[in-house]
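Handing you a structure now.
Each chain carries a letter (A, B, C and D) given by its place in the written order, and its residues are counted from 1.
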Amino acid sequence: MTRTTIAEACETAIERTWFHLAGLALILVNAVALGLETYDPLVASFGPVIRGIEYVCLAGFVVELLIRFGAHLRAPAGFFTDAWNVFDLLIVVAPLLPGVRENVTLLRLVRLARLVRTFRLFPSLRVILVGIRRALPGLGSFLSVMVLVLYGYAMLGWMMFGDAFPAQYGTVGRAMLTLFLLLSLDGITDTLMTGREVTEWAVLYYVSYMVAACYLLTNLLVGLVLTALQEAHEEMAAAKQPSTAETQRLAD
Amino acid sequence: MTRTTIAEACETAIERTWFHLAGLALILVNAVALGLETYDPLVASFGPVIRGIEYVCLAGFVVELLIRFGAHLRAPAGFFTDAWNVFDLLIVVAPLLPGVRENVTLLRLVRLARLVRTFRLFPSLRVILVGIRRALPGLGSFLSVMVLVLYGYAMLGWMMFGDAFPAQYGTVGRAMLTLFLLLSLDGITDTLMTGREVTEWAVLYYVSYMVAACYLLTNLLVGLVLTALQEAHEEMAAAKQPSTAETQRLAD
Amino acid sequence: MTRTTIAEACETAIERTWFHLAGLALILVNAVALGLETYDPLVASFGPVIRGIEYVCLAGFVVELLIRFGAHLRAPAGFFTDAWNVFDLLIVVAPLLPGVRENVTLLRLVRLARLVRTFRLFPSLRVILVGIRRALPGLGSFLSVMVLVLYGYAMLGWMMFGDAFPAQYGTVGRAMLTLFLLLSLDGITDTLMTGREVTEWAVLYYVSYMVAACYLLTNLLVGLVLTALQEAHEEMAAAKQPSTAETQRLAD
Amino acid sequence: MTRTTIAEACETAIERTWFHLAGLALILVNAVALGLETYDPLVASFGPVIRGIEYVCLAGFVVELLIRFGAHLRAPAGFFTDAWNVFDLLIVVAPLLPGVRENVTLLRLVRLARLVRTFRLFPSLRVILVGIRRALPGLGSFLSVMVLVLYGYAMLGWMMFGDAFPAQYGTVGRAMLTLFLLLSLDGITDTLMTGREVTEWAVLYYVSYMVAACYLLTNLLVGLVLTALQEAHEEMAAAKQPSTAETQRLAD
């Protein structure tokens, strides 16, 4: 009997606006506390206070998680079907695990991961997420082409400049990093001029790379992201008006 | 009786083309005068003339404002419902207020603010304004994601480089500024190479940042601005042809 | 009688493919000759040959112009209604005018202007021209906003950095050039850091400028150019199929 | 009799998924082997192993090619109608040709060319290829305009800076390279400032170049690539649903 009562109470709580706002407030306060910890003078004078705030936030996360779990009390397995619930659980439980507990870096990363929860609570952020997810298949083949072009140019670069500039083109891995950074066109003039002292082919090599990778492929990326975003917008708009579609179906 | 007569005369004046053009001329002359004041040799020889032009412009603004107020004379409260009228009033009145009167910087800022009035008088500029206003909701969630990504990378950067480069990554605030400036990809090669001397993770850190923030998110921004601009264009086109829509409605 | 005969012969010639190809060949040969003249060793050994080629090209331009004029022989005034004809005439006549004849720089500019004729003869280039012409009204208001933003930031920059960096912000003109070059985000990190030594407001000043001018306004430009290009494409497509539209009209 | 049997067996093999996957695996293993060869320590200890892997891959390519040829055994000439088959044959045969056999660079280039085969086997990469092919006509006229603008500015640059900066503007070829690299806006501030010491026209020259080439033309490129990509997407979508179109045609 109590099980059903608790589950109902939890469900009611989750649907309330204050539950949502409290969740957001927890994340923001926690994020600010994490940020304040990077200011040494503040830590020196208010260290325990900041730590205390973080523990309160952690307690808040546990309570939020318990309420969410409570809503699934009639069928607890259903709780784990939502990937966000599993993610929240991991974030709360991870600092207690041996191996994580002693490692300052891992602990900090776990605490940082709590920022990701914002995406769960801000519905307007989901357009961006949906847009990125939509763009992934197109981005997959785009990245394949990009990697192919980078790899091909890296091999050519190694053949041309491997001996002259071992730090930049000594191995295919270094050459790929050099060419990836060159996508930003940062210092392209100097790079081309030093390359030209080795071989005149450097002009053709860098100019064709600029045209192919920096202009054509980068613009293709713009196009892919734009198309994906447009589809995401349409999807969100369609999801918002299911009733209209239904009404129309009934009218027919 | 005179009230209504004045109001009618003012209304007629406002609708005239010369009133509009005189307003634009005032702003332009005022802007040029402000600019000329930054040339020291000119100020030395023609300082009083430039000051005089600015006082004439100010008088012009007052007259324009009085005419606009005059048109509302039958119901003076209506004058304050238009935000532009309030803005114009503030710009004219502010230099007389104590606290502003003595402060050279504030006085200059108030005079500079008169440039903003151009948006009131150039209707073609409003497409841009409408486009920016349209983009705001989308930009809001975009900025949230941007700030989240910057904050997350700033915390990671502080953990990795906080001790090695205190000027760039000493606190989360400095790290966010460093990463924001890195969005321009200016000097990315040097930054990555110095970071690599601290830890090899720097390569993964900067390359993933370049892909996520500089390529994906910047392109998302292009998409959001484009969509907003398109909607602004359609809105302006629809606003221009209300009669067509009406005619159609009548035809039905 | 001969008048009409000549006019008819010229009209036939203009419509021939070889006339068009000869015109293009003349421009290309002339352009190559102009380029070769910049190589000092070539000029030393083949100077007279290059000069000769240029005179032959000039003769060709005169002949082309005479044929085009001949086609208008029945009503010579009609020749001057096409702006391209006037442009061609100016290019051929200008080197003979006193004042231009003696000035090496002006003569070179006139010869360079012959390159512009390519747009007359390459019809596929006109999509670009139509696109740019289409974009002009939108670009007009965009440029007004851009100039306003630049002018406003330049005035602020002069107030903040005028005394500290007279070379960059000493006058409003210099400040506008500095800010325009900053649109490229080239060396933004150094600029911000040196500005910060003067006042902490520099961070807000440069960060807001980056967001407003470099990200928002530059993306607006992308949007305006895209919209204009799309309209130009549709216009060209519509111009290509007038017969289809006509057929349809007849079918109705 | 055996001819037809072999042809049928080969055709069945080509349609199998494992044939496709084995082809991809060969390319990837081959690419990794090529990459590993650039790491000197690895070559020192495992050189013969890497070479062996490459020979196995080459054998695999030969087998794949023989199977593909086998499928055309009934009409061997049909094998050469697919450009990909000719390309594959060249890659396998080229290392055996005299002139290529002794030239390390050519041999390496041939082995590198095997990477291009990925486009044959990854169908999702073809959207990108189709997009680029679609963009070519538009890109053709775009490139003509770009070359014209570069050439015109290069001639102007040679006239203005030819004597002062022979390394950058000494000939029209060098000037075009300088201006092409300037498209990246890398170091624009320094370039303009040194140019200004020669003539004040440098400001107009570089600012107009930035606006025309870097902002207007680069954005036109974005537009052309976007339009082409959209058309490629629609073409691929249309190609996927020929049955729908057919059904509809039947329904009519």
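Note that in this section contacts are C-beta pairs under 8 Å (C-beta built on N, C-alpha and C of every residue); 3 or more make two chains touch, one makes a residue touch a chain.
None of the values given here were measured: they were computed from a predicted structure.
Because chain B and chain C carry the same sequence, their contact can be compared by residue number, and under half of the numbers here are used by both. With centres defined as mean CA coordinates, chain B is found 31 Å away from chain A. Per-chain CA centroids place chain B at a distance of 44 Å from chain D. Shown for chain C are the residues that touch two or more other chains, namely 185-187, 222, 226. If you sketch which chains touch which, the chains form one closed loop in which each chain touches exactly two neighbours. On the side of chain C, the complex with chain D involves touching residues 31, 34-35, 38-39, 105, 108, 112, 115, 118, 122, 124-125, 127-128, 131-132, 177, 180-181, 183-187, 218, 221-222, 225-226, 229-230, 233. Chain D meets chain C in the complex at residues 137-138, 140-142, 144-145, 148, 151-152, 155-156, 158-159, 162, 170-173, 175, 185-189, 192, 203, 207, 210, 214-216, 219-220, 222-224, 226-227.
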